[in-house]
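Read the structure below first, then the notes.
Think of it as A, B, C and D in the order they're written, each chain with its own count starting at 1.
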Amino acid sequence: MVRHQRSWPIHLALLIVCLVMLVPFYWVLKTSISGENIFSYPPNIIPRAPHPFYYVDVWYAIPFARYFLNSVVVSVLTIVANVVLNAMAGYSLTQSFPGKRVVLMLFLSCMMIPFQATIIPAYLITGKLGLLDSYLGLALPMFSTIICIFVFKASFDAVPRSLIDAARVDGLSEGRIIWKVMMPLAKSAVATNVILSFIWSWNNFMWPLIATRSQDMQTLPLGLARFISYQEDTTGALYAFCIMVLAPGILLFLLAQKEFVQGLTTGATKG
Amino acid sequence: MDRRKLLKTGLAAAGTLATPAYLRAQSNKKLSILTWNIADQEALFKEEFEEFKKANPGVEIEWLDKKGPDLPAFYQTQLVAGTAPDVIDIQGALWVEWAANGALLDLTPYFQNDPAFVKMFNPDYMSSFVYDRKNYLVPFYVAKTLLYYNKTMFKEAGLSAPPKSFDELLAFSQAMAKGEKTGFLTLNFDWLYWPLMKMNSIELLTPDYKKPAFNTTAAAELLDRLAKSTASGAINKIAWTGRWVEPNGAFASGTVGMMQAHSASYFFVKGQGRWINPDTLGAAQAPGDWSTPTNHGFGVSKSSKNPELAFALVKHMTSVKWATRLAQIRRVLTANIEADKAGLDSVKADDPLAYAVLQTQLEHTDKMTGNWPLANDAQIKEAFWPEFQNAVLGRKDGKTALADAERAVMRVLRRS
Amino acid sequence: MSFEGDPARSVRKRWFVSRFVLVPCALVLIAVLWNAWVFTHNHGVVAGRVVDAAGAPVEGAEVKLWVFNFTTFVEQASTKTRSDGSFEFAKNPSHNIQLSAEKLGVGRSRIPVRLYFQSEDIVLKRPLQLSSADADNK
Amino acid sequence: MSVTAVEPSATRPRFTERRSTRRAVLIWSFLAPSLLIFLLYRILPLGWNVLLSFEAWSPLKPAVFIGLDNYQEMLSDDDVFWQALWNTLGIIASAPVGIVIALGLALLVNSNIRGRDVYRTVIFLSYPLMTVAVAIIWRWMFDERVGLINYVIRSLHLADQPIPFLNSFTWALPCVIAANVWQMLGFYMIIILTGLQTIPGNLYEAAEIDGANSFRRFLRITLPMLRPSLFLCFVIGMLNSVTSFDLVYVMTNGGPGHATEILVTYIYKLAFNQTRFDYAAAITVVFFLLLLAVTWVANRLSGGDVGAVEHN
């Protein structure tokens, strides 16, 4: 009874928030299928005479398939590397060892350097590694991300010590402890890593711009950027492009969201 | 175990992906060319390159294209890495800075060896690519500002001809402004608004380019007048806030009386505005025939391994044959006199209005302003424009704005 | 992240029917079907008819095929209508075209045609109707 | 990774020394890859910037040591720098707002109401989006003529004239901030949720027995326990926002005037549009120090160990 009286304001509040979160999507989607005369007021709330031709335009405006493929490859590389490296780093941070604070501070301070300021050295380094204009070169700078390391650390921290000690008593090696005891309890962290690292690599814009030379190494964000530049007159097409670029990310998220969102609640918890 | 296997395979896979395409294609007879956001002409370029390769066997050409805002970042990174493209297509005044920095090759000797080649081009456009008596670029395609006017709105306001003076320009704008309708617009990037200053004989710098010359009472008054007209809606404020899409779009919507923009705008506007035809749209010179160019030119990087070949490619791409093709397909002028004739003829037939627009680009090429051979043009632009913006948008009065601008510009000049 | 292959079979089974497999497969299937359709219908044939204001077929009207290039439509091909007012273009390369028809004394007309993919075969439902009034934006 | 091969047979809990040395090796070898990446792509570039900030250099020009000139110019003689600095601080200051909202949301969706997963999903949905696209979307929402926001405002008669949000000196920055909060909200919420999950339920039970009402329980238990998560939220969110460049670059490109110029965009423009890498480097260093200071303060305030989630 009590809950029933209480729950409707919660729902109301949440519904409003959701509305705020969703309206922009709708607005763009609407524009992408109906276009918009930028200079007629008022705008139509409901798409008038919707048609898919803006998407057709986008498809032929750039080698979409190719860019798409590139983005996918880079993202996959990044995701794999992130899950592995971050798990390792995250685990080490749960241990107490001399110099831990330094490492933590170091990691954190790494986030305080805007990428735009590192373009030139990053480019030179990648060049020294001979990775320019290659998938690996595109992905490498994002192979490990601080946030995700902390996410792993947090969920490892939440693994009850007793469990680990028990495993030690059973004589499991550290590696096995991580793999058999901790990882299963850190599913949520893995999901988070997959999604976040995908997002970052998928959305990365400045680095591919600098690190790629040949046309067929370009990634989707570059396509979008080029699109803004002169195709911008075809309003509808621009937003169609937005949708086409965003779709994969959203799709992946919606697919994994159960593991992701539920993992966060039922995942590694309860000290 | 399986964990390790997984990792191994992962790394192996990554390794195979890690061979850069263009490093594999390394060869000493290799040219790379960087164009400025003209990827839409891929087909044409491919043809040009094929022909060039036939003429010069064993040459490979790598074609790169970046969009305007990104090109500087890309090119400069390449400079630092020592892998700058041999040939580069540059717009606006960027080239001066790079020329001054020693990034670009001085083409003067090549020009001297080949007077016939130089003669092909419009001397005025050619001379806009000279920095301290040296030629650095060859015109690729060119444009300068003109005054578009909406004949329908002119009729409504009882106006017959486009304005002949700055005062008329403001008066006409005022006459046409009511409600949604505004009188005048200008593009504002790359000094494109400078003709407005020039009409009132205001100079940016002293002739020796050593000191600012714009901080005068006349200039202050001008800014205040512009601010007033903007506030009253005679001048659409998009003129001071928009870059490319907004102003052109506004004019295309048919609610703006006049727009000062370069010829490229015509095709944009035509694409958006159904109303446009020779009876509704007029193209004229701005008062005093002043205009600001935004030209594209081909330069050769000093770091180029084989500059002769690079220059040969430039000559090839700007030759009458290919310049003509470009002019016809892209509906632009190339400053290549013959090519432009041919291009104009082909346009004349199926788009008389485009013809009229392009025609203006060949007239009064001696009255071009707003392009100073300054090694720090970008910095001066950055120092001047925001203050100008403050003034015309009514955040500061002209006098203060100009004073601040002068201080900022002084700083830049002092540094160099 | 379950790499323990112990209850392998059942795990694998569940994995195969999970949405992580089904959704991508569905997408791939759609893509394949669509491409199959495209490859069988992209000969670039554009056919239609030209009629006058009264709706009677117009013979010998000049029909032009305009193809979108950068920001403008450029003339790609032109033909004359047959006795029944019908016309047909062979190799239309584009997905965004305009058709203009004109015959002295009868009038002119120009219509935009959007295609779902490049050089899609299409037969215009509505004929181009010539009118003496000056056609739009040209 | 291969260093982890430890034979189960050889390990008995009493061999603690060997184990501990092994663990040291293990720990550092686990950290190594990440550290290497950061060294290559963060630390070294930072060093490069530091060196450059004391020199006069541009591509093709030999570097000349000029001491503190760049810094002097920045602090004494560059209005734009200060403007950009204030705007950046403004964005930093806006992070807590987003976090408070997110905290509220997290508490709501943490209560076991129906369809909470749906709510979570929807609220988080904005974070996976490409920032460039987000910028485009919001530029479109804020559009003066047909932007939805202006439409709403005008149809509610809150304003008779459309507001040129992104072109107005007063509105541009708030709009950018709003877009930023919109994108980060879901992220904050998720982090806070994870934090909430790690609060042992028995604490609440105990408090309930003590008869503390929900508000006091929130103050006494939830908030203190959440401190680390909130700190993490602030730091990560703040750093994300101020070091991300796409949003401003696409929405306003720093304009009008320099109304939305932030340090990142200014650094970029200086380096690549004005070829002043040296000066940009100096600003980068100052920017870095600024963020370091802010983080340190936040760390003090939250009293939390960086990113840690305590249990005791």
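To be clear about the criterion, a contact is a pair of C-beta atoms (placed from the backbone, for glycine too) under 8 Å apart; a residue touches a chain by one contact, two chains touch by 3 or more.
Because the structure is predicted, anything quoted here is derived from the model rather than measured.
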> Which chains lie in contact with each of chain A and chain D?
Replying inline: B
> Where is the C-beta contact count highest, in terms of which two chains?
Replying inline: A-D
>> Averaging over Cα atoms per chain, report the distance between chain B and chain C in Å.
In response: 36
>> Taking the mean of the C-alpha atoms as each chain's centre, how many Å separate chain C from chain D?
In response: 47
> Which chain A residues reach two or more other chains?
Replying inline: 37-39, 84, 119-120, 175, 225, 233
> Going by the touch rule set out above, which residues of chain B reach two or more other chains?
Replying inline: 3, 7, 40, 73, 80, 268, 271
> Could you say which residues in chain D touch two or more other chains, in rising order?
Replying inline: 1, 268, 271
> Every touching chain pair, please?
Replying inline: A-B, A-C, A-D, B-C, B-D
>> Quick check: in the complex, which residue numbers of chain B touch chain D?
In response: 3-4, 7, 72-73, 76, 79-80, 97, 101-103, 237-238, 240-242, 376, 378-379, 382, 386, 389-390, 393, 395, 404, 408, 411
>> Going by the contact rule set out above, which residues of chain A touch chain C in the complex?
In response: 51-53, 56-57, 60, 180, 183-184, 187, 190, 233, 251, 255
> What does chain C use to touch chain B in their complex?
Replying inline: 3, 5, 69-72, 74-75, 136-138
> Okay, in this complex, where on chain D does chain A touch?
Replying inline: 1, 4-9, 11-13, 22-24, 26-28, 30-31, 33-35, 37-38, 40-46, 48-49, 105, 108-111, 113-114, 117, 119-133, 136-138, 140-141, 143, 145-148, 151, 154-155, 162, 182, 185-186, 190, 193-194, 197-198, 200-201, 232, 235-236, 239, 242-243, 245-246, 250, 263-264, 267-268, 271, 277, 280-281, 284, 287-288, 291-292, 295, 305-309, 311
> Which residues of chain B touch chain C in the complex?
Replying inline: 2-3, 6, 40-41, 267-268, 270-271, 274-277, 329-331, 350-351
